[in-house]
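Read through the structures below before going on.
First subunit A sits with subunit B, and in the next complex the same chain sits with subunit C.
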Partner chain A sequence: MSLQSASVARHALVWSFVAQGVCILPLLYFMPYWMPLMWLGVMLWRIQIYRGAWPFPVTKIKLSLAGVCVVALLASYPGIKGVEPLIAFLIVSIVLKVVEMRRRADVLLVIFTGFFAVAAQFLFFQGMLIAIYSIFCCLVLLTAWIAIYGSRILPFKQLLIASSKALAHSLPVMVVLFIVLPRFGSFWQVPLANEAGSTGFSDSMGPGTLSELTKSSSPAFRVNFIADENGNRILPQPKERYWRGLVLDDFDGRQWRYGRTWMMQHGYNSNAVPVNWEVETRSDRRFEYEVLIEPHNQRWLFTLMAPERVASTSLKTQFAGDFLAFSRYPVTSRAKYSVISAPDYTIASEQLGMHDRSRNLRLPEDYNPLTVALAESWVEEGLLENDIIERALQMFQSSFYYTLRPPVLGRHSSDEFLFESKRGFCEHFASSFTILMRAAGIPARVVVGYQGGEYNPLEDYFLIRQSDAHAWAEVWLTGQGWTRVDPTAAVAPSRIEDGLSASLEEEEQSMVSSGFRGSWMSKVQMRIDALSFSWHRWVLGYDAERQKQLLKGMLGGTEFWRIALFALLSTGGMLFVIFLWLVLRNKRAHLSAEARVYRVLLGKLAKRGFKPAQGETPLQFAERVAQAKPQWKSQLVLAVKLLNVILYQGRTDEIPRLRRLIGQMSLD
Partner chain B sequence: MNKFLNYKAPWQKFFFRWLDKRSKVDSAYQLASKNLYIFPSALGFAFLVMIVVLWLLGTNYQNNLILALSYLLISLFVVSILHTYANLAGIEIQFKGVPHVFAGEVSQWGFAIKNEHAKSRENIFARWQFAEEGEDVHFALDASSDITVNVPLTVPRRGVFQPGRLMLESRYPLGLLRCWTWLKWNAHVVVYPQPLAKPLPRAFAVDELSDGDHPVSGGDDFSALNNYKPGDSLKHIAWKSFAKDQGLMTKEFSQNLSREIWMDFSQMKQSDTEERLSILCHWALAFHLQNENYGLMLPGTIIEPGCGDNHRAEVLNALAVFGCEMPVDLRR
Partner chain C sequence: MSQFIDNIINTIGTVLLDKEHQVKLALTCLFSRGHLLIEDLPGMGKTTLAQCLAQVMGLQYERVQFTSDLLPADILGVAIFDRNSSEFRFHAGPVFTQVLLADEINRSTPKTQSALLEAMEERQVSIEGETRPLPEPFFVIATQNPQSQAGTYPLPESQLDRFFMRISLGYPSAQAERSLYKGIDPRERLKSMQSLVTLDQLHTIQNKVQEIKATDQLLDYVQRLVDFTRYDEDFTYGLSPRGAIALLRAAKAWALIHKREYVLPEDIQIVLPSVVGHRVRGKVGASSTSAQHASLSEHLIKSVNVVET
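On to the complex of A and B.
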């Protein structure tokens, strides 16, 4: 029985190889290329040992193998950073363990680390499919586990049934625990996965940056709008769906950049916009919404203008200048934040600070001379700010094309675009427009983010994909403050109203990975995404706040006693049912019908203190009882004789009579 | 046996005392909640530690799926309490008997174990409380089946012994929990002294009788051919006559007893009682094999000379119980 000495049956070893392989398979995708090879090598080695072809390795070989692996790990992860090296180390150790695995304790170690491997999968993947796969992993691990605890070789089917039962009985209890157990914040900072989720744009924009993104239909974030206390919910019009990510106000002639340092002077955790920001709201209209953001490994968050509050339980949100919302740390896992935005706003309408003004007018020397000259000519014509904007937009509208395949531009990108190619994507329009404005003396900047979004009626949310990435401009107008101007809207208004696909020529539509918009496939896709959204909302995004909501809805309050009572009753009830099923089910199933009837008689007699002795036949027993209680004799002997008739003459048709006889027996 | 089952540990003594108070001695039991105990094993505690680590991981990464995994494993732990219990509950076990043994030998205690349920029972482990290393039995029970299991126990001394408590244990399916029972049995074994080959005092071969005075049937010398009577030994049938169609005949053998041997405890020169008994035991076995007529004189017990298996059993029994007729607990 001792753990150390117990060796393991061979079939149980096979199960543990399989279990380990299944658990580390998804992780190998993120591991260095040599690791799958090592795993295959170790498996081959172990199979040879298993077949008896090779001996178990001696200590010297084991040590040198471990040494080689450590060196390989150090070579693959030079600056040990992130969680990958840790997981790689875990995998290497448990894979090497397999070579010398032969005792029960070894197998248990492999199984326990298998559960850690399953947990590690969740650091990289969090979808519904990986959850289903992980249940499969647990099933295989449990099967291997049970295989080493059987005293005999259990058939495959029986093993699988035993492990499925254990898992099936645990899952409902887990669901209750998941719902009720309290959630805590992180206790300490942990290393994060480097490679998980890295789509999205960076903090700079050059020609071609966004058109690359449109090839990806993967989701950027999902938004659901929340009704206010009166049940009214305001959804933004398509032309209002500008999800601001970053403000790019630093132009070096080629690239637009975010020109500020990361650390803002405003304190952390301040959910509300600082009071000294000069924002006025012109109406009571408010958008209240929750954003479920995919990990993009960046710190910026997406909001509709003008955000008033940003809050989150998992991200430490804060505001930076220019109404940008940030997370304190890069978003490396799916996260949720809620925002309140006031769509009818004016910002800094009276005057722009000297510093801000000069930054938003700055243009590099010796770049785009023709563009600058054009803008200056407009100023010389005596046009006012609004007229200059109007003139620029008209120019775009009259002779420019919106295309995903703009020609390659040289040093004076804006000049070439405005005066030669006249074909471009949103970044070209936004960039040229901003240069024009700055040259004309109007403070202007480029804003990148997403525009639009697909409404999913099944779960009532908007899905914003990478292909919705967009760039537009903001100009500062005297008396109006910062105002959004989207030059792309002038060229391709349908881009804003109907999305990217609709605004492109037919031949280019196939280039946009919009996810089959409009076809029957889109309905399927919508359903899948709705499922995925529910998954995110109810499983991945189930946090303390949502827990409170749910428990309040379910139990009518979140007092401790309510939750404890609910947890006890529900888990207790489930366990009780499982207990009954395990212990009582089939208890007497193999007893024949007459034996069950006879049992009733035995029960009646047992209550009165009579028990059959070892080896006593029913007739002997009845006679013995009759000696003590002569008044029962006739009933007992009749019943027992009938029983014998049934037993020895096969008269099963008499069973109902016997049952009646015994049922009516009065033993006083 | 692993170190967690140290029967001499104070808490184990306390546990047994408590057990004795609430359980009776019986010769048949059905395992149920009143006699089954369950507690996490060392592996179970290790598993709980692993769950805590996973939970910390999930909380620190704010990863609901890792948290869910840790909750799944907690549930698995709780559910496996029921599964482990169900693997033993409902089993019926009945004491069948134990053959006599000599001191120092392993006694085999037979139990009939019955599983009436429609599911099989796996990996059950049985051992006696005072069993030595390796004296244990592993068995499994198919659905609706019964088997006989012999549980070994080394008995070091002669006498009449109660075997102490029988432990039945199972950790199936996951080894996280140990479910066990301690059953005290209405059973005892008679342990004969360990035979010790030493010469008998010459004075024992008393009652020298002359040849032919006491012809006693049985023995090696062929004396007559009789008609076969039911009950005659098959070994003695004269098959040759049967082959010659002379009917079934039985060969009669007789032996002229030369002597009656009295083994007298009081006349032995060894000072140690146990040694004397051991020597007597050896000679009783030897005389039995030689078909001698031997009797035994112990203080307070006299067994007239005789031979045969029953006589042998009577003699050995007298040697075994000498000075200790009442069954006592076997302790080391």
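On to the complex of A and C.
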């Protein structure tokens, strides 16, 4: 059976279907709905061809089929953009190839295109599971390849062993290539599809915004803290874990907004906080940490107050006012940045600029009259700033409930919350508190971000989920500057110390999708998340910077010759080990003493350019050599006769004599 | 003992000129207690070889010319009613002999062919509910025309397997043929031929074949050869265990003829085309002509390492 043989056998057909299916299955999820149908149709068609029911399509039909598919693609992706249409085109082409599999060579072609589909999977997913799946795909493809290539039908187990071996041989090479191949940055990055970060908050906050988020347990970001040179590492206390995302200072009566969106693009183009910002640090305490952020399609980054430096190799980070850190472009793929924060800080303690002051005092007219009146009554009582804050917090503490199911609020949301429902989530408390402060003449603003996080001891990092989303307030106090005040802490202190679900009534805890805290399931979940974190950190996060570090650590430098030598020696070394193993296993172990002595003779002759042909007996070989070199004849004939006696008369006691004889041979 | 063998070969050589190799192969077959199939064109000396062997061995000899109307009873014998004793008496057919020449076996119908082949295999004949053993030794030399000739019923593979060896004599060399023209008819010489071996001596030789030594090295080689026929894609099907045993036994007999007490790989290689040729079939093309088998055997020999190093 040659590759050109005219028909495709049944097992080859089945293997090609299975292999192709396995490879394109994850991709089909992102493809238009008609594509799986087309795939099934093509398979049905090919089966009918195999059964002899239908003929192979003629060129006209093939051309029109391709035309229809291209039109369908254009219709499904109007204004072709991004990577999906191209992948869709790839899949259409390799699926259509199935109907014109006439010969075995065509089936192999289908198998080979499957490898492209496997590579394309990484444009949609980059997780660890898909990496495992892609290796599985390669295994299936290799098995199919071997099954189709072989001339006889082999048992499945044998096929699997052969393909596993081939795959196992390639894995070490893959690792070496992964380590040494240059990491290109955004220079030729392919736009990854579907990185659309799922959830996360937007740049505005109204009642109910955050309580929606708590239903999602998907990770927002992960943080690992780095030890300083002395090996000391400071972790923030639970009440210090305020991951600041955005400052909302623009209130329209209903929604809080980030008022200075232009800052996101035109911030201070520097990794460090500008020197003219009025920040004083009161101690040497510093948090140094790396944040691995999930794509959220927004520009803001999360930091602990007060950040001093933000740097990243994959993002263009910059600072905007109010100590906010931004990426210049939306974070559309998982990215990493490192931050240094000084937790003991004072900001703008002396005085607030006129502009900033008025911005943080502004309240819309005709909204929440009762709230404003309450705050003004406190001012009239002659209370000072600190007392007013104290009074507000006391009010919350005395008669308010922290709940995930606050009643729906009307136009004067703060009034209704403060004087009627008295039940709310963190956004209600933060919003009302800020309105109270502003009405009382204290500059104040709402801050949104995340609070808390779960420590994972397996890989030593904090996992911050969407359900950790939180809102709090910042007020400006004379002499102290901007100060964080969390009204939620007054109502539900356990929210800050122990996380969200601890602070809720039992019946509401089930609404919080924070995983399975406390049960054995949580341990499993923690382990899975730890694995995924290591994957992101070591595989996906293996960028040019990390590569440089690793190569420096391993090779002592990153010169080209070092890397080339390393790649050569490591792959070569591994191949050599495999080679040795094969040689030792196949030859030495099973080789009898008789055969070894023949090897000695063969080695001697091989040096002089004589090798036995396949199927040549020792005697025939010796005679052939003697014909070319008559002067060796007597020695050779003597040796081979003795060899025959040893090999075929079973006279193993003659082996030493033959060895001597061979040793004394003078062949020149 | 070895003198006998040399004597036999030389004596037959005076009749069958220049065919020493084929004579040796035929003796190999006889000493291994196997049956021989000679495939050749008419007039090449097939009958002469069979007669020579019988004569030299001092064996009883019968010849059956196979034709399309030959019936099993014509070979095996038949029970006939005897009026004097008022009972059926068995008249033994020509199969009850020590050397049977089945001439042009492929010209008879399959029914008759299989009657003979069963007798060959069982070395006994069952007729009228009675089992009758065949004489010892029982040696069948069947001849066959190449299948391209019209009016033949080619033997199926399963039947061919019953033959220990298949050889073909081929045209004589020019020199031998010339002396054929000049000299007296070799068949005249045949009549004056003396038997050189007694029955006991023949038995001794046949038993001696079993004692020839085959080392593990050699068995490894045989096993590699057999494996190759089973897994190489040029072969439709591989060699059966019966074929493998035949190969080894033939090599032993060949070694004995050459006065060796152990088998060399050369012995295997020499007897291989005759023993294996009719037991395997190549994949390309369905017709199994001798030429193709020869090349298939050659392919087999050329593809398997003699010593695994």
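As a working rule, the second predicted complex is superposed on the first by the 478 of 668 C-alpha atoms of A that agree within 3 Å, B and C clash if a C-alpha of one lies under 4 Å from a C-alpha of the other, contacts with A are read in each partner's own complex, and residues count from 1 in each chain.
Going forward, a contact is a pair of C-beta atoms (placed from the backbone, for glycine too) under 8 Å apart; a residue touches a chain by one contact, two chains touch by 3 or more.
Given the structure is predicted, the values throughout are model-derived calculations rather than measurements.
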Partner chain in contact with A:F115 - subunit B first, subunit C second, else both or neither: first
Subunit B versus subunit C as contact partner of A:R103, first or second or both or neither: neither
Which superposed partner A:R254 touches (first subunit B, second subunit C, both, neither): neither
Touched partner set for A:K633, first subunit B, second subunit C, both or neither: neither
Subunit B versus subunit C as contact partner of A:R359, first or second or both or neither: neither
First (subunit B), second (subunit C), both or neither touched by A:V173: first
First (subunit B), second (subunit C), both or neither touched by A:C138: first
Subunit A positions touched by subunit B in one structure and by subunit C in the second: 1, 151-152, 587, 590-591, 614
Contact set on subunit B toward subunit A in their complex: 1-2, 28, 42-43, 46-47, 50, 54, 56-69, 71-76, 78-80, 82-83, 85-86, 89-90, 94, 116-120, 122-125, 136, 138-140, 143-144, 169, 171-175
Interface residues, subunit A side, partner subunit B - complex: 1-3, 108, 112, 115-116, 118-119, 122-123, 126, 130-131, 134, 138, 142, 145-146, 148-152, 154, 158, 162-163, 165-167, 169-171, 173-174, 177-178, 181, 183-188, 190, 314, 333, 539-543, 571, 575, 578-579, 582-583, 585-591, 614
Touch list for subunit C against partner subunit A, complex: 213-218, 231, 233, 261-266, 269, 301-309
Subunit C-facing residues of subunit A, complex: 1, 151-152, 587, 590-592, 594-595, 598-599, 602, 612-620, 644, 647-650
